[in-house]
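Can you keep this structure in mind? I'll have questions shortly.
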C-alpha cells in the first residue's frame, strides 16, 4: 500500500497537447505505465506519444473510454478552475492541479463545490505526487527518490525535491511524496495527508515540509500531538524572510505576527516533531 | 415516538409579528407549549402573545437565546428563500416553510445549498406538520385530527384536512401528518417521509395523498414496492383535470402524458397500495 | 407567463444570442415595409401563444415584399387553435444546413436546471422525444455554480456538432443560461437553432416561459404580457390573485387549495356532474377575493349551481362567509348554492350564512351529490 | 496589487457605496480649486500605498481653501515610510458621530470570504484586534451563495449598530461584497465607516488589494497600477513574471520555487551570509526569463556573489543554463557565481555551463557555504 497513487492508478492528463502537458506526460509515462489518455478540447481523436495515448475532447468522454480514476491538470491558470470542475463532474475521484497562478476567488468557489462531492483535489500550484517505483503523477523528477517507508508531505515544490534527493543520497526511501501546493486556497492540507500516512501500513515515518504564512503547520502540529503515533520530522522555509514582504506566489505573507517560522517551529517542537535547520538535515533527524 | 415534531419541539416563528404569523402562532401556542419565540428583523426586544413570546432580530440570536430546534416561516414569498437560508445558517435542523409563491429558481438555489447541510426543509407552500396531541407546527387546524397510529403525508393543504377530518369521524387517529407542499422544488418528498414512517414505531399504517404532475408519486410507489412493510392507502387528486391546463399554484402541469392521475394510480396499485375514489373513502381502505 | 417568439428573440439578442434580422408587424403594410428593408425574401410568422403554428399554416416564406404583404394579410386574418393572430414577425429568410433543438428548463425531479438538446431539431422534436429518446441529450446544471463551458462542450459532443461550431455554441449556451437565469424563465428554448449555409449559428425561433412567482422582480418582462390568449374571466381572476380555469360543465366551484379544488371536481364527476371551472381562492382568502371569485363564476351562463367547499386552515371560514354574503348582495344570484365550511372559524362562518338561503352539506361527497342534484334541477 | 484610497473609493461609489464628495489633486493649486468647489472645509489626504499615513502627518483638516492649498503644498513635499507623496485626495470634511470598521477579505484557513467588522473602527483598529479581540466580529460567506441580507443584519447586531441604520448598512454590505467579488479583491476595507452627525453612513476611507492572479480579467483595475512604491528592479522583474524582492545583503540569489528560494536565503544566513534578494524564477522558466533575472540581480551594486540554485522539475536545467549564458554574454559580470543544478535535464545544463567559469556545488549547504565565501572574497 501507499497513499493516493500507486501502480493501479489510471491517469488522465488535462491539457495533454500543451507544451508542459506533453513534456510531463512523456516523463510520467516513461516512469511507469499509469497514463491512459488526455484531454484537449477540440483535439479529440488525435494521439500523442507516438500513437500510444488517445486525446479526448472532454473528461467525461475520456473517463468513459479509459475508466480513469485520476486526472492531472496542466492547463493555463484561467482555465484551471473549470478543468477541476469538469473532472469532478465527470466523476474523477482524485484530481491533481499542477497549474500555478489560479485566482483565489475562483478557487474558493471550486473548493466550496468540491466539498459537496467525494472528490480529492491536490493543489493547485503543486508538484503533484510520487510513489517511488510505482507512480509519478506530476512534475517531481522520478530519479530523485527511491521506494521506502517515509511519507513526505510539502507545501513547496522544488524544496521537496531537495528533501527527496537528500533522502536518496542517504539511502532513505519514500512511501509516497505528496506536494499539496503553496496556494492559500487549495484542495488538501497537511492534516489530511498526515492522517493518510498515519493509516498507511507502508509508511513508518513522516517528513513534513512547511513554510511561513497561514496556519496549516500549527493545525498539523495539533493533529500530530493528539493523534499521530508515527515519528515526524520537519523543516519550515522562510526562517529569515523579512516580515511584511511578500515572498512570491506561495502566499507567504506574514500578517500581524501570525504564521512566522518561529511560531510554527515552536508548535511543531511542542508536538514532539524534530525540526531541521536546513533541508538536507531532515533525513538525519529520525 | 412520532415523526419530525413532538412535545419536545422548540419552535421559532419567522415573521411572527406579521398578520398570518401572529394568527397561527396564537393557534400553535394554544395547541401545545412548543413555541419558544419568533423573529422579525427590526422588532427584536418586543414581545407577543401578551408578553409570553420574545421577538428577536435574527434567527441566530433567537437560537442562542431559546435553544430552538425547529423554525417555521410565514414571511412573504420574496423573503422566504433568505429566511430558509438564515435558519439553516443559524443551525436550525428542521425548517418548515408555509409561504406560497416562492420563485422556482430561488428554491433551486436554496435546495442546492441545503443539500450540503444537515438540514431538513418541509415545504415551501405547505400546511406544515401535526402530531396530534403533541405539536401543531403549521396551519393544519388542530381540532380535526386525533392521536393514533396512521402516518399521513400529502402534497396538498386543504385536501389533507379533508382526510384527517374523515379519519377523525371514523375514530382513526394520526401519528404525524406531514404536508410536504405542492411546489415543484421543495425540501422533502414523499419517499423521505415514507421512510420516516416505515422506521417510526408509533406508525402502523400510512396514507399518502398525491396529485397530478411530476413523478414523485411514481417514485414513492417504487419505494413502497421494494422497501415498505407497512400498509399504504392513497388518493390522487386531479383525476378529471383536463390535460394541458394548469391547475393553480400546485405546479400541476401535465407534460407529454407523464404525471397523469391514471399513471400514478397504476404505479401505486402495482405496489400494493389501495387507491381511493374520493378522499373520504381513504380511511376505510385499511 | 408565456412570451411571444418576437419577445423571446428580443431578449435572446440582448444577451448576445444571434437571431435573424427582423421586426414585428401588426398590419400587412408594415409587413411589406419591413420585407423591403430586409431585401424582400422573408419569413412571415404568426405570433400566437400556442404551439403548432407552422402546421396550422401560420408560418410562410415570401419571395418578395409583395408576397410578404399578401401572406401577412392572410395570416393576420387567421385564428390558430382559437386564438386570433394580431401580429406577425417578419424575419429575413435563412438558408439552412441543420436544425438543432436547444433549451434550458427546470427539471422538477432533479430540482435543478437542465439543458435539453438534440441534433434532430425542428417542428418534429416532440415526435423525436417520443420515438427516439436516445437522440435527446439532457445535462443538469448546478444552480449555484451556473453554466460552465465544459458543460456546453459535453452537449456539443453529444449532439455531434461539427467542431468548427463549438466556440460559437459554447458562447451561445453560456448566454442562453444567462437569459434563463436573469429572466427567471422556466423555459428558454431555441427550436430550431440552425446552422446556416454560410456557416453561422442562428436562433431561428425562440420560446420563453417565465415563472409567475418571480414577476415581481421582472418589471420589463411583466410589461410584455399579452392577455389575448386568456379568457376575460381568467384575466379578471388574475387581478384578484385567484387561480381560475374555465371548463365546459355547469357546476361552478369555489374551493380553497388547488388539491382540494381538483378533488372537488373529481368528486362532482364521480357523482355524475360536470364542473364549470377550476377555482382556487388560495390561502388566507379575504372577503374581497371571495366576492370577486363568485362574480367571476356567475358570469358563465352555463353555471346552474355553485359548490362552495372551504376547509379552513390559513383561510378562515368567517372571512369566506363575509365574501359570499357581499357578492350575493351585489349580484343577487338566482341559482342554487351548496356550501360546506369546515375547519378554522367554521362555526362563525356557518352562523353568518344562516340568513342566506343556501344548501348546506357535512361531507365533501354529500356536498358534491347535492350540487349535482341542484344543477340537474336548475336545467 | 494595492489600490490608492481615491481609487478604492471611486470603485465603492460605482457600486453604490456612499463616499464623501471629493477629488484627487497633484498640485496645491488643484487642491485649492477642489476645496473651493467643496465649500472650503476639507480633509487633505496623502495618497501613498502604505499604512499609517495619519500618524505620519499625511492627513490634515483644512478650514478653508487657502489652508487646503498650504496643507497640500506641505503634504505633497512629504515622504511617508520612504514613499514620495505624488497626489492628495481633497474630501469634504464630515462631522462624525461613530467610526466603524468594516471589511471583506479572504479567510485562507476557512477557504472562503469573511466579513470583519467592529464598532471600534478608526486608526487604532489593529490595537483593538490585538487587545480586545472580542470587539472584532467575523462572519463567513459561502462563495457560491454570496452575501445575504441576514448576514449583514447579524453583523449589524453584533456591532450594536443602531437600528435606524440597519437598512443602509445592509445595502452597503451587499454592495461591498459586489465590490469584493467583481473586482477580484483580496481585501475591500472601509475604515472608518462613519455615522455622520446628520445620520448618514459614509465610507470615509477605503482600501483595496487585488488578487494579482485575477488581473487578466480586470483590465480597468490593472490600468490603475501605481508603481511609485516599487523599486525599479521589482517593476522590471514583474514585466518578466519573476517574483523579486530586493533585500539588504550582498549575495544575489536566483532560485526556482518560492519555498526553495526562501530556504536558500535561510541557508545562506545559516552559514553567515546575507542574501541580497529573494528571486523565484517560477516554474518552467525560459532562458529569456533567466537572463532577465540575472540582469536584475546585477543592477544591485551591493551584490558580491550570485548563487544559482535550480532544482529542475517543471523547470529544465538546460533552459536555465542557456539563460545564464545569454545573460553573461550581455552583461559580462565580474563577480563570482556559484551554480547548483539538480533534477530535470541537470546533466545537459551542467554540460552547457562547463565553458563558463563558475563555481559548482553538489548540495544546497555546499552551495550556500561557497557563495558566502565567494562574497567575502569579493569585498
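Some points to look at:
By written order: A, B, C and D. Residues from 1 in each chain.
The rule we apply is simple: contacts are C-beta pairs under 8 Å (C-beta built on N, C-alpha and C of every residue); 3 or more make two chains touch, one makes a residue touch a chain.
Predicted model, so just to flag it, every value in this text is computed and none were measured.
Of the two interfaces, B-C and A-C, the higher number of touching C-beta pairs belongs to B-C. Computed from the mean C-alpha positions, the centre of chain B lies at a distance of 28 Å from the centre of chain C. Our note on geometry: chain A versus chain B, Cα centroid distance of 47 Å, whole angstroms. Inter-chain centre distance (chain A to chain C, centres taken as mean C-alpha positions): 54 Å. Inter-chain centre distance (chain C to chain D, centres taken as mean C-alpha positions): 55 Å.
Within chain A, residues 109, 113 each touch two or more of the remaining chains. In chain D, the residues touching two or more other chains are 142, 144-145. Contacts between chains leave no pair untouched here, as each chain touches all the others.
Listing the residues of chain C that touch chain D in their complex gives 144-145. Against chain B, in their complex, chain D makes its touches with residues 142, 144-145, 148-151, 153-154, 157, 163, 166. By the touch rule above, chain D contacts chain A in their complex via residues 106, 108-109, 111-113, 126, 129-130, 142-144, 181, 184, 186, 211, 213-214, 216-217, 243, 245, 247, 255-263, 265-267, 269-270, 275, 278, 280, 282-284, 311-315, 342-344, 363-365. Of all residues in chain A, those touching chain C in their complex are 41-42, 44, 57-61, 82-83, 85-86, 89, 109, 113. Interface residues of chain B, counted against chain C in their complex, comprise 20, 24, 27, 77-78, 98, 100-109, 111-113, 127, 139-141, 144, 154-162, 165-166, 182, 184-185, 209, 211-212, 214-216, 235, 237-242, 245-252, 256, 277-280.
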